[in-house]
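Both complexes shown next keep chain A, but they swap its partner, so chain B is in the first and chain C is in the second.
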Partner chain A sequence: MFSVDTRVKWVGAFVVAFVVLSIPIFTWAVYILLFSILVALCIGSQLSFRQVLKRTLLLEIPLLFILIPLPFINRSLPITTFSILGLAIHISPAELLRVVVLMLRSWLIIFAMVLFTMTTPADEILISLAALGLPVVLVNIILLMWRYLALFITDLQKISSARKLRSISPIKGKRDNGKKFIQNVKSTGSILGSLFVRAYEQSDRVYQAMLLRGFDGTLRSLKNEPLHTTQKFQMMIVLILGFCFIMGAYGIYGN
Partner chain B sequence: METENLSIIQVKDLRFAYPNASEILSRISFSVTAGEKIAIAGPNGAGKTTLLLNLTGLLQGTGEITIKGMLLEKKNFPEIRRALGLVFQSPDDQLFSNRVFDDVAYGLIYQNMEKAKITERVRKALEDVHMDTYENAVPFHLSLGQKKRIAIATVLSMQPEILLFDEPTMGLDARAKKQFLQIVQNFSQTVLVATHDMKLAAAICDRLLILNEGRLVYDGAMKVAIHNPELLERHGLDMEM
Partner chain C sequence: MFVKQQFMHIPDGFLSLILSLILWVVSLVVIFLAVKHYAKESDKQKLPLMGVLAAVIFAGQMLNFNVVGGTSGHLLGAALATILVGPWEAVLVITSVVTVQAVIFQDGGLLALGANIFNMAVIGVTVSYAVYTVLNKVIRKGKWAFGVKGFIAGWCSIFIAALAAALELAISGTSPANIAVPAMGGIHALIGIGEGLITLAALMFIATTKKEMLEQPEKKKSIDKSILVGGLVIALLLAVLSPLASAYPDGLEKVAEDLGFLSKGQGPLYNIIPDYAFPGIHDEKLATIAAGVIGVVLIASVALFTYRKKDNSTQK
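Take a look at the complex of A and B:
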């Protein structure tokens, strides 16, 4: 996966999303097949499955919170009633199954996206986004933000350490009437302010360095090459596969 | 007149002031002959960095600057900036890619060079600064000395005729300073080094410009200046630094 062109990977991720969203909802065989392919790609790319799983769950959990009330709110028949601590709870098993499938569908899409991002450097993803029509200025801003994030974190750590070294905790047990809290809020404010000024000044200098090396507002990269025949072929295979999945799903499960 | 024809840089009556501030550069005039190695020395706030930024056109004061016979104005910027490379004081301002290779190749990509030629130039530049094994390294993870060398490579890859260095040894340990010295001594290009490290200046340059409070107070042979402790002291400089 690491050696595959970013644009091919984009197409792959979109095809997975399109297939998952297009097929009938209870198409278990297709879900299992897609999952197997994604796991195979994960293993083939020598990525830790645990790591991939962790990242997908990180994105999946917020969705769970959105979907979880559905079986309790939506009263599709039949309804099962049970009681917890004397409280009668009505639940629709059909809705519950629907939620499980929805979770599975979203998880498959997230899996494909995580696989894509874990096998592609951030700048390549962004540059390919520009090729897909995202404004160059926006891509440049995000690219620089991404590149300098590590630097600002280091700066933040330095400033925070300096603050810690200069702040003395009040004597244990002695009430400070919230003074420490106010002091913390104040110093956090000044840290953020100072970080902002540093970031602003550095951005100015980076821009100057870019100008001196010929930057003209356009985004150029060694990876901005036209698609080769191999890549076109790979894209075609992915698209055909996606089409087969959709046709197969409708063939087996109908509407 | 003959000197003017030979000079690669001509600065006439340059003045510069930041908005709402007093003049940082005041009536600066000098010329540089191709191949010369010149130190621009002076205490903090003397205007050394501002002078270098004016030479690149990043800051624009009044007066006249010509680089390789071209007047420093917007329409000549692309040509002039191809001829001139500036190594910033902090390498973090200059290194903004995820890979050393991409950083060194950055300027070449904007020159629409072929990929094979870019690779060749990048490798040569990295070899010149003894960092050829760091092609795939992440610039942010390198030591300050290594970052500085990569920053030099980003400029060298563009093969400029004039190299400008802003406080190149600031924050470097003795070994890194020595490495920098070895690298710069091999350059055949015209070199201007803004520094207050007089030992470094004396080791690299034959000519010295001293700036103090925005004025050019000395323009002459390095040898003469370093044997004149009174002159150095008067302008906040010291050979022992």
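Take a look at the complex of A and C:
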């Protein structure tokens, strides 16, 4: 995976997302097959499967919070009632199964994207956005943002530490919740305000430096080479595979 | 304590393929228009400013604040970006932030990126700009004016963007509208207060230390009509989707029904569009849509009339 061109990986990621979203929801065989391919790619790239799995599962946690209440509150499907410690719990098994499949679908796409980002340097991914047809202005903004992100995160951490050292920390006590929230938000706003002022001053220096280096609004990169025959062939294979998956899913499961 | 973070970045698998593709097309059209506007009117010096501003917003989104019941929220930044660099540039700034979050950090899906750009960059910026522009005519002077306008624009941007995300989930069949809309709307109404207060505090800080940053965009008196039209289109779209709303009674009606005092309520003296259903249309959904569209047009007309009157009086 490391040696594959970034543009081919982009096509691969989009194909995985497209296949997963376009096939019937309970297409277990296709999910298993896709997962097997992704795992094979992961092992073939000499990535730690455990590490990839950990990262993908961490990304799934917020999604769980959104979906988990659905089987308990959706009353439009048949409901089963059971009791835990004398408390009656109503749950819709059909909705629970749907939630599991939704999580699985989203996890498969996240897996593909994590595999992509773990085998490609970040700046290469961002530069390749221009090859996908994204406007040069937008790619320039993204690249500038990426370059200065570390700087502002360091600044942010320094200011946050200074804030903590000056004892602007959460106020203890139950009755202070409102005060705590206002104080927290107020100090966050001041930190951001100072970062914006720094950014404004920084941007002027950046522009002068860009002009001195001959900036004329166009994006130049050594990585903007035209696609070779091998890469075109790889893209074709990925697209054909995706098409086969969709056709196979509809062939097996109908609809 | 484990704190769950409320998010507006929709992952892949939550939206239907058709809706994802439609929102991709809409977002690409808006991005294309923003790029065109930048090429035509923006100062080239704005490019590094937009880049570093995007970096600051990205960094700012890492500052979480507690909301309620183990839930935290973070800054969206659409209102701040709109006020600092203008609406079209803000669309590009927020698009950059959302794109990097999705592509590098997998915060939000790849096919759902169009929807996320639509919610946060298009709706967030359009709503912020519309609210801020209208308030500019009402509240004009003083350091606090920037803050107050920023607070309201920030709150509205979060709330409307969250409602749009909830509607998209409902249209895709992921979560019924009567669950998704109140859940997303309720929590984001609170997160919106955080967003509004952060926007207020940041603008107050800038107004004190570097006022020219805020005055530059304000010098541009002509209002970008396309953004206002965009806001109107979004409002009309929401009106068209109104039949998706919950059919259950609202909070007060439910309490009145449960406690048995609903019958004590007196009917209105006259009915023009009773129960948000336009009279004379037999299809219930069509009647609701017609009532919603008429409401939006009426409110927009009143707002436009007030704005024009205020504008004329300030020009005199």
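Here is the rule we go by: the second predicted complex is superposed on the first by the 188 of 255 C-alpha atoms of A that agree within 3 Å, B and C clash if a C-alpha of one lies under 4 Å from a C-alpha of the other, contacts with A are read in each partner's own complex, and residues count from 1 in each chain.
Operating definition for what follows: contacts are C-beta pairs under 8 Å (C-beta built on N, C-alpha and C of every residue); 3 or more make two chains touch, one makes a residue touch a chain.
Given the structure is predicted, the values throughout are model-derived calculations rather than measurements.
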item: Per-residue contact with chain A, leading partner among chain C and chain B; value: C
item: Chain B versus chain C as contact partner of A:122, first or second or both or neither; value: both
item: Contacts of A:210 with chain B and chain C, given as first, second, both or neither; value: both
item: Touching partner for A:82 - first (chain B), second (chain C), both, neither; value: neither
item: First (chain B), second (chain C), both or neither touched by A:144; value: both
item: Touching partner for A:202 - first (chain B), second (chain C), both, neither; value: both
item: Intersection of chain A interface sets (partners chain B, chain C); value: 122, 144, 147-148, 151, 202, 206, 210
item: In the complex with chain C, residue positions of chain A that touch it; value: 13-14, 17-18, 20-22, 59, 62-63, 65-67, 69-70, 73-74, 76, 102-103, 105-106, 109-110, 113-114, 117, 122, 125-126, 129, 135, 137-138, 140-149, 151-153, 155-156, 160, 180-182, 184-200, 202-204, 206-207, 210, 217
item: Residue ranges of chain C in contact with chain A within the complex; value: 4-5, 7, 11-14, 16-17, 20, 31-32, 35, 38-39, 44-45, 47-56, 58-60, 62-63, 65-66, 75, 80, 84, 92-93, 95-97, 99-100, 103-104, 106-107, 109-111, 174-176, 179, 183, 194, 197-206, 209-210, 213
item: Chain B residues touching chain A - in the complex, by the definition given at the top; value: 53, 56, 58, 78, 81-82, 84-86, 88, 90, 92-94, 96-98, 102, 105-107, 109-111, 115, 118, 140, 154, 158
item: Residues of chain A touching chain B in the complex; value: 121-123, 144, 147-148, 150-151, 202, 205-206, 208-216, 220-222, 225
